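Here it is: the structure, laid out below.
For reference, chains read A, B and C in written order, and residue numbers begin at 1 within each chain.
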Amino acid sequence: MYGTGLLKGLSVTLRHMIGTFVTDVRKFPRRYFRDGVHPTRSPEPYLHGAFSIQYPEEKVPMWPRFRGPLVHLRDPETGQPRCTACGMCERACPHGCIKVEGEGKGKERKPTLYQYNVGRCIFCRQCVESCPFNAIELSRFYELACYDKDTIWDLPRLLELGDKEEIKEQGQFWGET
Amino acid sequence: MSVQIPPTERLRTDTIQINMGPHHPSTHGVFRMVLTLDGETVVDLEPRFGYLHRGIEKTAEERTYVQNVPFTDRLDYICGITNNWAYALALEKLAGIEVPERAEYIRVILGELTRVMNHMLAIGFLWNDLGATTFTPVVYAFRERERILDLIEMAAGSRMMPSYIRAGGVVADLPEEFMPRLQKLVPHLKRFIDEMDTMLTKNEIFRARAVGVGVLKAKDAINAGISGPVLRASGVPYDIRKVDSYSIYDRFDFEVPVHTAGDVYARYLQRLAEARQSLRIIEQAMRDIPEGPVTSLPYKQLSRLKPPKGEAYGRIESPKGELGFYLVSDGSNKPYRFRIRSTSLLNLTLLREMCIGHKVADVVTILGSIDITLGDVDR
Amino acid sequence: MENVWTIENVWNAIGMALQNWLAGFLPAWLVTLIMDLLVIVVLLAIGIVAVLILSFLERKVAARAGDRYGPNRWGPYGVLQPFADAIKMLIKEDIVPHVADRFSFNLAPVIVTVGAVMTYAVLPFGRNMVAANLNIGILYFAAVGSLSIIGLLTAGWGSRNKYALISAFRSVAQLITYEVPLALCIICVVMLAGSLSTQDIVLAQQERGWFFLLMPGIFILYFLAASAEMIRCPFDLLEADSEIVAGHFIEYSGMKFALFFLAEYIHLFAGSAMMVTLFFGGWLGPWLPSWLWFLIKTFVVIFVFMWIRNTFPRIRIDQVLKIGWKVMVPAGLVGLAITGFVDKLIADTLIAGVVLFVCNIALIVGVSYFMGRAQRQKEMAAEGAALR
């Protein structure tokens, strides 16, 4: 019969339409109002059922390896930042987002200026891989909207963000360290 | 009083020139076509691109080999993994680097997942160009793409620009939750492809629009350098994974589907069939993956890599066609020449010949069936 | 004039009560004038409320078909969304391109909207609720519904834009083509019902059974012709976003665009309502009030249109015209002949009904056989085309 392909297509769409209502009923009242279901992370992937997340109320947690903006880490015993302003990250960055200056010699070297241009960063993680002192890592923030394209973050800001993150060691989730 | 027009005097009509400009809902990015129309029939077509040119090839000459890896992600931004792989292959040939077994299997798994995702997306956007305006097939394809991107994010840290495959292996080993999730995902993807098949393949309107439209003859395709699903849908059984086998593809048992009609419908069927074959490969790879190291060149050595003088051409079968990198080294740690043999640009060579004689609506369909990504066309 | 206050009769009762109150202190001619104006206002209000509900429903149904939720931020479950859309369209800047023909440009939305709204006059919303019970009801509907074609052509020409012009050419071709099968199906219905008036058609279905059961082939033909007339998918190439960005209203913005938008949904509602009247028994139905049945049936038909829109791609203009002239007109003529013979030759209505049903099924099978054969020939010719 000539029209059967059309009817098959219609049946698939109808099945999806009914499927969205059925999941709503099954998961009510959590669906619209509280956190809970994250469709991509459901243990069994499903074909029929609503697949959206109501953003500000329900947020999907990022995977541990997610590459966000740069943060600095502290030494757990002394509480001091581990960065020694060696400049390896500045050289490794493909775009020139980092500018480092330091003073002092040997083990006592500390950074005086550390500027990180969030707007230019492409989150490739090469700075982290090149750091020999385990001092920086990429965080998991993604709500980075701002009013100025050349937003520069400096060292106190980076340390403060690093304290907020749960990363303690560089490469913690990457199978290194 | 009626006027008799002498039969020898033909009706003088005029052609219109229309600009399907860079801002257009369905040119897959910023791509411009200047069409000359006679009524509804296309008489001439002139593609003009370059709106997304970013100078990747020149910029790459100023950066070291490892700093160029994030640039390769941004070429064909939908399939980031395969771009990285092509570059890694070229560099491995140039510098003579060996890759451990586990890394090869990981590369194959992620590469084939990317192929499935790309073909589903291409089919979805083909339907968008045909006029399913409320995006329903696109949304279904995007839903599955979300699941696959979630896996890639779990392994690489970023969904679209993974920078995960480098010369020598991959950046890091797969996390523990990857394999169980993948094992649940592969049967689900099979069911999804079957559902898309049911919904889309036998649709009479689609067949009326797509059969016989944009026919590409096999010898024209070979002469113009077309590759990928477009070539195989025109009857030429050329797949780099079988012909010039790279990595470990000779260990897997899969077929290369071929269709002989060469029109939009054949390309659609081709992509569906290739997606199914990719799932077969992933199953075999999941079964056979060994343990072991995942890279033979950690970052500290790779960032100081100075390949010997020479040149190398590394190519892979990316989801859109043959993607190749031609690297020339002059002994320093920056490439002397970084040339990208881009898939989509060469697939567009015969757009004019394919479209002449068809209607305006078909131009959009044919462009959608070639499946281009502007990042690759303009680099 | 007795006033019966039942839920079936509530709108008529309100009208009667108002008329009686007005007649108390106004001369008779003024009362009639005011009541007529009130009827017009009510029809317009129905139209606008229908547009609000339909535009919202369209987005929700499209979202649900795609595993998502649709607008759900404004108001509970998003019901205030159409008001947000209306406000947005009203506050937009009204741009007229300086090379455009001002008179045609401004006139076009008016013609299109007027053509759409005038059709509401003959829709039977309930048992005694027709605004104008003309005894040429259906003919009026078909005639006035074609006014919009002129409006579309004016819009395309007046915009002075090649895309709009292409769209105007296509629209005239398509809409004129599909008037013919539409008219043929209407004639079949009218033959069975014996009258052109919409109320009489509904009452005829009360005796003979709903016409879509008697004539499924004619119903499918009418369905396709009506979707082409209302520019709904799969025939919506006139406003194809993917080729000729928005078609004939590419240059319109603000209130004029809102008028086109309004006209489209008003036409959709009117077309579905007419389909319900002709084939699904209008306001007939047990137990619920008649106007409620009418609304339910109309919305079911509208849901089917939206369902189809979310599933199918669109058909190309030359294929649209081919199907219109080569498939639908002959099928319509054959259906007309069948209906005529069966209705006049067979006296018993039950046997006539069964014979008509069987003949219609044969018509559907025949048409699908011929179309399938044509499609198969084309595909066999395309097989192996690349290797030749």
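Basically, a residue touches a chain if its C-beta (ideal position, glycine included) is under 8 Å from a C-beta of that chain, and two chains touch if they have at least 3 such contacts.
Everything numeric here is computed off the predicted structure, so don't read it as measured data.
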item: Chain nearest the overall C-alpha centroid of the shown protein atoms; value: B
item: Most widely separated chain from chain B, with each centre as the mean of CA atoms; value: C
item: More contacts between chains, B-C or A-C; value: B-C
item: Geometric centre distance via CA averages, chain B-chain A, whole Å; value: 27
item: Chain centre separation in whole Å, for chain C relative to chain A (CA means); value: 51
item: Geometric centre distance via CA averages, chain C-chain B, whole Å; value: 43
item: Numbers and ranges of chain A residues touching at least 2 other chains; value: 2-3, 6, 9, 12-13, 16, 51
item: Multi-partner residues of chain B (each touching 2 or more other chains); value: 136, 140, 143, 199, 203-207
item: Residues of chain C whose C-beta touches two or more other chains; value: 65-68, 310-312, 375
item: Residue numbers on chain A that touch chain B, as the complex places them; value: 2-6, 8-9, 12-13, 16, 39-41, 43-45, 47, 51, 62-67, 92, 94, 122-126, 129-130, 138, 173-176
item: Parts of chain B lying in touch with chain C, wherever the complex brings them together; value: 16, 18, 24-26, 40, 127-136, 139-140, 143, 199, 203-209, 211-212, 215-218, 221, 233-235, 260-263, 265-266, 359-364
item: Chain A - residues contacting chain C, complex; value: 1-3, 6, 9-10, 12-14, 16-17, 19-21, 32, 48-52, 54
item: Touching residues on chain B, where the partner in the complex is chain A; value: 63, 66-71, 136, 140, 143, 146-147, 150, 153-158, 161, 163, 171-173, 175, 184-185, 188, 191-192, 195, 198-207, 299-300, 303
item: Chain A-touching residues of chain C, taken from the complex the two chains share; value: 61, 64-69, 72, 307-308, 310-312, 365, 367-369, 371-372, 375
